[in-house]
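The block underneath contains the structure these notes are about, expressed in structure tokens.
The letters A, B, C and D name the chains in turn, as written, and every chain counts its residues from 1.
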Amino acid sequence: MTSDLKTQPGMTGSDQVRPDALLSISGLKLALPTGADRPFAVDDVSYDLAAGEILCIVGESGSGKSMAANAVMGLLPHGVRPAAGRIMFEGRDLLTLDEAGMRAIRAARIAMIFQEPMSALNPLMRVGEQIAEVFEGHNRLKPRERRARALELLTEVGIPEPARAIDAYPFQLSGGQRQRVMIAMALALEPRLLIADEPTTALDVTTQAQILKLIRDLQIRHGMGVMFITHDFGVVAEIADRVCVMQHGKVVEIGTAADVLGNPSHPYTRGLIDAIPGMNVPDRAGPAITPDAAEPLLKVRGLTKTYHGKGGLLRKPRVVHAVDNISFDLARGETLGIVGESGSGKSTLGRCIVRLIDPDRGSAEIDGIDLASLNAKALRKERRRVQMVFQDPFGSLNPRTRVGQIIAEGPIAAGVPAAEARAQARELLATVGLDGSSADRFPHEFSGGQRQRVGIARALAMNPELIIADEAVSALDVSIQAQVLDLLAGLKARLNLSMLFVTHDLRVAAQICDRLAVMQRGRIVEMGTVAEVFGNPQSAYTRELLAAIPGRGPGTPLKRFAQAGAVLP
Amino acid sequence: APVEGGRANVVIQPEPPGLMLGMIQNGPTQMVAGNIYEGLLRYDPSLKPMPQLAESWTVSGDGTIYTFKLRQGVTWHDGEPFTSADVVFSVDVFLRETHARLRASLVHVENISAPDDHTVVFKLKQPFGPFLGIFEVGTMPMVPKHIYEGTDFKTNPANNTPIGTGPFKFKEWVKGSHILLVKNENYYQEGKPHLDEIYWHVIPDAASRAVAFETGTVDILPGGSVENFDVQRLTALDNTCVTDKGWEFFAPQSWLWLNNREGPTADVRFRKAIMYAMDREFAKEVLWNGLGDVATGPFSSKIRFYSDKVTPYPHDPDKARELLKEMGYDGTPIRLLPLPYGETWQRWAEAVKQNLEEVGIKVELVATDVAGWNQKVADWDYDLAFTYLYQYGDPALGVSRTYVSTNIAKGSPWNNVAGYASPEVDKLFADGAVAFSDKKREGVYTAVQKKLVDDVPVAWLLELGFPTIYRCNVKNLITTGIGVNDGFKDAWIE
Amino acid sequence: MNGFLKRFAQNRGALIGLAILFIVILVAIIAPLIYPMSPWKMVQRPFLAPFDVAGLPLGTDTLGRNVASGLAHGARISLLIGLVSTVVALAIGVPLGAVAGYYGGIVDDALMRFTEFFQTVPSFALAVVLVAIFEPSIGSIVVAIAVVSWPPVARLVRGEVLSLRTREYVEAATLAGQSNTTIILRQILPNTLSPIIVLASLMVATAILLESSLSFLGLGDPNVMSWGYMIGAARTVIRQAWWLSFFPGIAILLTVLALNLVGEGLNDALNPRLARQGH
Amino acid sequence: MALARFLIGRLFKAALVLLAVLVLNFFLIHAAPGDPAAVMAGEAGAADQIFLDQLRERFGLNLPLHEQLWIYISGVVQLDFGFSYRQQMPVLDLILDRLPATLLLTGTAFVISLIMGVAAGAVAAMRRGRWSDTAITTAALIFYATPLYWVALMAVLLFSVTLGWLPGFGMETVGGNYTGLDRWLDVAEHLVLPALTLGLFFMAVYTRMTRASMLEVSRLDFVKTARAKGLKPGVIQRRHVLRNAILPIVTLAGLQAGQMVGGAILTETVFAWPGIGRLMFEALLQRDYNLLLGVFFISAAMVILFNLVTDLVYRIADPRIEAAG
């Protein structure tokens, strides 16, 4: 089945199979079960990867990036099977190996960091045990040494207090820490090939920078080959030796980082690169609205929310000051960006304002009305003025309700006739760039980016005066991200919307916000116009954040980044 | 010759609430405690009195003075001697307080005296025909005066360790599991009992009781301890004997209470229609394995003064329909209360319901548990209700209570629940009780049977036959008309 | 709805289940047509084995009644008892659990202690007491079975709701100004469906069997023929006539099996996520 | 400490629930038709008003209901559960007498069903779609849908009557007078059939539950992680899947454990096991109010206790769970 593959038409790899390749995929086709969006998740894909090289795989969501990586590990989801092609690794075709053969290779020769770090660890096992298990699975080291080695690994990946972390359960670690545990696990047996599937999505830039540096260091030290899947071109620019661009299950372009980023040949690649938000401050003539010109729409005063963990059998209760005495004003038509590391209280702040959470202290007045003072019925009525786009697009859509209905529910509850509300829902879907037929589909039938747009449409359906957008574009690949940001900017201008825009991506913040607030450990450490904050950061933390933005070093192959870099200190 | 020693394994069902026979007189208590306690007399299968604690007895010519000579050298299980004082205490003090059925008979007694340690004299107010029939252990058990006198009988701790004069002594009771009786070495009758011990096994499920017999765990299944459907199968086993003897004294008679007060059942034609509609032969053959007999009337054929010269009620649906038509029965549904004593009775109720519906009587079965049944019957809240009662050998003891109008009272399921009132019947029963000569009694009772069978106050079903199933190597198990209930005194195992 | 039917139709097990259930229901409906005589009627000698006598394919019982006729007529009552008591149990348990889980706090505590009360009395004993109090009849049996079977439902629903109410889509609905009732009904309950369906299909079986245990103790409704009654009544003659308990037993088993298959099929079909997965 | 506060809070609520249970049970039981006097009169085969009045007076049944309740409750508060009307023994003695037998039976059945059910469910989940899975799932469904007493009788017929391997009823050989180890063996022999019969039903439930739960967990991401580590399937199933799948089973096991006192009426009846289920059932039929209330009370206490234990086990089994009220 392999001999004639090379002559198959449609092979798109732009360069030939290199003789020194560590991994070489050729003509790979992965069939999806009947009823999926398309017959092949990965259709005739070929690329290879040399030892000591970092290959970045980019491409739109759903283009088959993860699927191909999983095929290498022999861990395809149920129902998906390889239909053609070869995956050559160290002289063997992995597709022909049996389960026992694959077992010997996994972790020992090829290791993988999965896309979803939050759920990739066993919640009931201490992380140290989970790392030690890798040695056990391959009969390495004596049981006693395994723990010691696990500790070393945790130290190596830079987890704070490794001696304590080793006995922690995953839920006791932050997202970034968990991600590092995963990396420690992947590196445990010093594999020849590391596959990292979006290991930094949803991490704030500082953490992201740490992890990128870690992978780079380890790769150099151990001479590994790394396959790095991402949709963040900053990351690509930062670490890639070569780049492979995928679309609709096919490789559309592959080449060195400099070639692909600096001189893209395929229209899709060009589109992607054009869509990367720049770092330049929008050329608005000062803030469009002076905050004190009129009565502000939103007045936040001394808002405080503290979480008291209840403590376990043997643990001390944990106190988290999620929102710590925060005050600010937001004018009509203004967009305030909130940036800050993961866990700094951004979402909690948003929730306190819309009263999904009752703050311990302080007030948040919308148009002079404190929602806290209202009774249940009045609160229900006033609520429509403030809407929220949730951080987790999937979690915020009822899996058993059709998308059209999800959008229409709010207006119906507010008294709009059902038929009218549904018609309006279709219009809104079109507004956010989804076709009308999507109204009849369930949330899981959408890609991550599409779901995020449904969330935005739902918020808009209520005709709110204020939208709190919590990481509304984080899951989108750059081209779609750009679309959505344009949409929001348009709406804002048209409807005089105010927005609280929570994000961890400073480039995005720079693009859409009038003012920026930087949060750290529940407090606003800095606030000002975008130009002020970027141009002249006052707090050390802000400077740290800015420095950590990936892909803006002087040697970057990305022109736009280099140009943006000029604006920055 | 009898073999000495050995152990009898017997099923007891249900587990008795206690073993103090003077206090509790239900079936299982009597079955076990009948070996611990004794009465003055026992009765043979033809119900003739036999000596027990009384050696001999005489009756005065006018039938009002009964003198009993007690056996010498009888001791209680704790070693105290048994004397006439115990008898007087038992009857006059103890049982008068605790024993409802005996109390009814004691109204005829003027006084009881003990001229000496071994003589007891009962003086009656007027002659009472069946008087000699009330001295068996279930009706008049002797209880130790030295333990109970002056105490609160109900709460006397000795109730848990019964002391009697019988052939077996109480040894242990593991609740829910078994009761153990052991041989009374000091029993006054030389050479008795033969057995060393009796284990009474508590096995609450009928099917399991059958299995217990099959697997050899128990050797004796007293009447009623397995479902009738199992009897045939069990008796076909090797070394298995079956007898329906030993129930002559009790002569269990079953019938349907018919509420004579109201509803269609108040009409005698309706009651007769019920008699004709029921296929009692079928019930006997199918449900009772052919044991027992179809009852001809209020008297069981086992008891004295039975007469078959009464109107017969064969299975005749047409006649039933005719009677219903004649009375103009309008199809009012009637409620039928089955006896909550197991499958046989349940099936029987279903069969009767079917019989009645075939002649056009609408029947609704009302299921209840034992407590509910008692309450409903006692409160007259029924139209038809199954029951069966013991007749204790004599119509004055076990029959009249069901039919005399003086016995109409709410609160008990054992009196004249039907509410039948006939001055003629009242008079006849009253005469029968106090008449002294058997001949005279016979005349009276024949008349009363005729009258009752024509009035159909209740719908008689069967004279029940309770088969005792046992291994054939158990000998002399049933020697009296009281059967298993009065003891293993004579039994031995080959 | 179309998609739902299609998904359901794709599930072979569910279709088989539905077919069996359909047959059972059909038999229940046409029972008076195929066996116009009362199932209680004694038609032949007792204890005829199956196929011994023409017209009595399943033999006769203790009293010579037609077992096949009993089975057909019994289907109505058993299904009725099984389904109605399950529905009643769900009607008590689901709202109670939902309210407890949704509002939490004191409401939850009070309702859960209330539920605990029903769990503290051994369920069979409670059923017996209830039937004894209200006198055995279809109604009281259904009520008694429902009363003893709702607590697990309430607990289950509460647990699910407890975790669902913090989901972001519930928060989104709150923000959209939906009332609590709407949120419970529209957002939360549909997502608890799958464990409820699985539990409910098992509850039907439990109900049928509970009725049989009650009638075994003489607390069934003696005026109606049910499978439970047939098994209970056959128990004492199991040694003589195996078929008396065997056929109703098989009938219960098949029905339970069918309900389970249908339940699982429903569950899969109602769950849009599972729709495309192979297993 | 948090745990102590949690426990004290729960115990306090437990006491309240118990009291409420007691009162409600009291009225419930008294609502049933008939009273102990009527039952005893019925059994005696003869009764008159004097007899009934005597009984009712002795049992205190002639008092107004609320006074009876008050007397009962004040007794219970001092741990005096009163006298059994019928057996004329202190209720507590009767219960304590029978409790060990029941706990032995239900405890064994519990352990058997838990171990075998989880094992069978795990095997079925691991072999999903293969014939062994089908066999196990079908068997579980059959056990679930078959009346307990039917299974029981069949087991007795086969193993006791036909094969003669095991005793068919009772808790020990009556009159065997075994001591020491022999006695234990004797009891163990008697235990096999009832424990298996009782266990089968729950085993079926556990099997289904374990299978479903394991399949659910198998779809989670960390299982893929475990595979990516190159672990053997057995290790993955045991250490990762099963461990995470066990939590709902803990809940169920807690429920079953709570029902251990009263959950075995039918089994105890069929196997003549001298346990508390039978005691309760007889008390129920005889309207032995005090005894019945006593058993209900013990059973309620067990249920509440095991709910508490379940919560504690839950907290240990799942480190994520913080005190849940």
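Please note the rule applied: contacts are C-beta pairs under 8 Å (C-beta built on N, C-alpha and C of every residue); 3 or more make two chains touch, one makes a residue touch a chain.
Protein names from UniProt, one per chain: A = ABC transporter ATP-binding protein; C, D = ABC transporter permease.
Predicted, not measured: the structure shown is a model, and the values here were computed from it.
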Discussion item. Per the definition of touch at the top, where is the C-beta contact count highest among chain pairs?
Written reply: B-D
Worksheet item: Between chain B and chain D (ABC transporter permease), what is the separation of their C-alpha centroids in Å?
Response: 39
Worksheet, complete the sentence: Note: chain C (ABC transporter permease) sits from chain A at a C-alpha centroid distance in Å of 47
Worksheet, complete the sentence: Chain centres from averaged Cα atoms put chain C (ABC transporter permease) and chain D (ABC transporter permease) apart, in whole Å, by 22
Response to the item:
Chain-centre distance (mean CA atoms) for chain A and chain D (ABC transporter permease), in whole Å, is 51
Practice prompt. Would you please write down the residue numbers of chain C (ABC transporter permease) that are in contact with two or more other chains?
Written response: 128, 132, 135, 235, 238-239, 279
Worksheet, complete the sentence: Note: chain A residues in touch with at least two other chains are none
Practice prompt. Send over the residues of chain D (ABC transporter permease) in touch with two or more other chains.
Written response: 32-33, 153, 157
Discussion item. Taking the top-of-page definition of touch, could you list the pairs of chains it picks out?
Written reply: A-C, A-D, B-C, B-D, C-D
Practice prompt. Write out the stretch or stretches of chain D (ABC transporter permease) touching chain C (ABC transporter permease) in their complex.
Written response: 13, 16-17, 20-21, 24-25, 28-29, 31-33, 128-129, 141-142, 144-150, 153, 157, 212, 215, 251, 255, 258-259, 261-263, 265-266, 277, 280-281, 284, 296, 299-300, 303-304, 307, 325
Worksheet item: Touching chain D (ABC transporter permease) in the complex: which residues of chain A?
Response: 73, 75, 99, 103-108, 111-112, 114, 116, 119-125, 133-134, 136-138, 169, 171, 182, 185, 309-313, 317
Worksheet item: Any idea which chain D (ABC transporter permease) residues touch chain A in the complex?
Response: 2-3, 220-222, 224-233, 235, 239-240, 243-244, 315-320, 322-323
Response to the item:
Interface with chain D (ABC transporter permease), chain B side, in the complex: residues 7, 9, 14-15, 17-18, 24-27, 97, 100-101, 103-104, 154-155, 159-160, 174-178, 180, 197, 199, 201-205, 207-208, 211-212, 214-215, 217, 368-376, 378, 389-390, 401, 409, 411-415
Fill in: Residues of chain D (ABC transporter permease) touching chain B in the complex
32-36, 38-52, 54, 58, 86-89, 94, 97-98, 101, 153, 156-157, 160-161, 164, 167-172, 174-175, 268-275, 278-279, 282, 285-287
